[in-house]
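Common to both upcoming complexes is chain A, partnered first by chain B, then by chain C.
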Partner chain A sequence: MPAVYLEREDKMIKVNELNVKDILKKLNINPTTVIIARNNELITEDAVLSENDKIKILPVISGG
Partner chain B sequence: MPCKRCKSNPVIQLPNSNIKLCKSCFIKYFERKVLNTIRKYNLINHKENIISALSGGKDSLSLLYLLNKIASKKLDFKLSALLVDEGIKGYRDKTIKTAREFCEKNNIKLHITSYSEVTGKTLDKIKKQFPDTIACSMCGVLRRYLLNKKSRELKANKLATGHNLDDEAQSIMMNQFRHNIALSARLGPITGVKRDKRFVPRIKPFYFLTEKEVATYAFINGLMDEFNECTYCTESNRFVVRDMLNSLEQKYPGTKHSIVASFLEVLPLLKEKYKNQKINSCKICSEPASSEVCNACNLLQRIRQ
Partner chain C sequence: MRYSRQIVFEKIGVEGQEKINGTNVTILGLGAIGSKSAELLTRAGIGSLTLIDRDIVEESNLQRQSLFTEEDINQPKALVAKARLEKINSNTKIRAFFKDINNKNIEDYVRPAMALDCTDNMQTRFLLNEFCFKEKIPWIYTAIIESTGMLFSIMPEKTPCLTCIFNEINQPLDSCDVSGIINTIAPLASSIQATEAIKYIINKPTTKELLYFDVWKNKIEKIKVKKQIGCPTCNSRFSYINGKKTNDAIKLCGTNSYQIQGPKLKLKEVAGKLEKIDKVILNDYCLIFKDLTIFSDGRVLIKAPNDKQARSAYTKYIGY
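Our next item is the complex of A and B:
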């Protein structure tokens, strides 16, 4: 199961989905509001993960 | 699907399009778009003194990074940075540290001013004094006042800000919702309705780039710090409009681009309509004002009571 780190909430979760688009949908995250990194490299929403992948979901909004 | 140009791994799918770009092709696309905006709207001229507003967040850091990159290579202008310390504990203190480190590393002169300097109080204290007033409305008045005043004192020709397409679409819609069209006339890639020596024009080189594109550029260039949100941001009307536009963008891709493109078509008419509107000088501080006393002095009087 891939691990997903949600930076805004500062929490790590495990998901069953391998498709980034499906993960965002499951977590109710609007893709226009985040960028996604795997091993410190950005990936697009149509990327497919491996079982042991860890990704970070980073908000793109300005903090203030 | 790989990068459209070089077939490497993509880092972004461009907004409102099926085009994907890899890291190096995206950097070229991003920087070309900024240069085109600067040239098309005459944002920066030869030998000008440009001050870049810096908060230490990803937008202003990316802007300063890119302006510094092109200041000596592509365009010839003088560059320094200006930071306004509002005095927000746990938020601004962190970004100031990032801003200082960045300027030191890149040998960029950093000017710092603060709300304490002019009001004797931090925003945290001002908010405690007026708990029922939205912090962002007081903060906006003071920040605009200080940025303009300090930039003028530093003899800047232009003040560059990291405002992006998302910010502009939000401002346009907020002005529509409040029937504040005179304020919209001041928007655009370069602000102001007419030249006035009391105003330092603000330029927005990221005008046609989305927040996601700026974040992607910041991440690739190592300019994205850990997520840090202003203590008072949930009070802001702008954030409600931002969420609304993001929902619309997800459902109807291209919404934000359309808002800005439509606005740019009518902007010359708005500027023409408001070009003869008189700008007073505040009777207290002599800064530009829409009435006898400017918004900043009105607020300062309340704070000092």
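Our next item is the complex of A and C:
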């Protein structure tokens, strides 16, 4: 099961889904409001994960 | 000697200092990030700064926007910043514009050698991204909220651009007024931004990674990014600089306000109408009425819970 670290919530969760798009949908996260990193490399919502992958979900920041 | 400590710093040296002294930097936005970055570059001896900001100083800005004091409230940030920076370093030439940047005027204000993004919304950033790609002007995306920040140095054609990293945003992002902000994140973001600017100016490599930092968690993350083959901007398929997508009505960070851009207004005439309804404050720069701050260039800032109510208030009091 892939592990998902939610940066803003500072929380790690396990998910059954392998498609990033499905993970975001399950977590009720709008894909345009976040970026996703695997091994500190940006991936798109079209990426497919392996069972042992760990990803981070970070919010897009727009304040200044 | 004024810059002796910087010249002794081996990564800059005499040659680097001369480059700093001879360079213009455009700073777009003079909020928490922009005011601190402007100060750092001015103290570093930057040759000239072009400052652009559309807002006036509000009391709630004073917590984190380091160039402003209580006596500056209701004054345009760009003009206040210019006066303060000229006192810090009279050698730095400063041009200040109390303006809102849009696709029609961006080429008049954003100039080489580089631009610092200190804005508070993604729509202006997407506009800046397209403009800088087209004009080959390097720029540094920088944003903050809560205790976190994000930064990426964009060198047109050499690095990924903003739309290689971010999708088109289709819902409002959290703003400083909703999520809050600790004032210590701004100097951290500005320090990295101004350092990246100096590195570019003296021909040293800038970061190739997207930086994410959190001053509360003592964390800095580096995320590798790459050009997207289908990136609209990198393929010159523009939509902001040609006005297909406008930034006419946008939610502003930190104020729970919306901005609506309409036709130019004669403030005295507008004041004459509105003072029959309620109290009006009119100065040389703006007209303040209820939750509206009205500018002669047609911009109206409206404090409202959503864009619909903002538009409703605009129609009700401005009439267009």
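Keep this in mind: the second predicted complex is superposed on the first by the 61 of 64 C-alpha atoms of A that agree within 3 Å, B and C clash if a C-alpha of one lies under 4 Å from a C-alpha of the other, contacts with A are read in each partner's own complex, and residues count from 1 in each chain.
Definition applied: a contact is a pair of C-beta atoms (placed from the backbone, for glycine too) under 8 Å apart; a residue touches a chain by one contact, two chains touch by 3 or more.
The shown structure was predicted, so the numbers you read here are calculated from the model rather than taken from an experiment.
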Partner chain(s) touched by A:E51 [first = chain B, second = chain C, both, neither]: neither
Contacts of A:V60 with chain B and chain C, given as first, second, both or neither: both
Touched partner set for A:I43, first chain B, second chain C, both or neither: first
Which of chain B and chain C A:I35 touches, first, second, both or neither: both
Footprint overlap on chain A, comparing chain B with chain C: 7-8, 30-33, 35, 37, 41-42, 44, 58-64
Chain A - residues contacting chain B, complex: 7-8, 30-35, 37, 41-46, 58-64
Residue numbers on chain C that touch chain A, as the complex places them: 29, 31-34, 117-122, 125, 142-145, 148-150, 165-171, 173-176, 181, 210, 212, 217, 221-226, 228, 253-254
Sites on chain B touched by chain A in the complex: 1, 9-13, 15, 20, 23, 55, 57-59, 88, 91, 167, 210-212, 214-216, 219-220, 224, 226-230, 232-233, 242, 246-247, 249-250
Interfacial residue positions of chain A with respect to chain C in the complex: 7-8, 10, 30-33, 35, 37, 40-42, 44, 56, 58-64
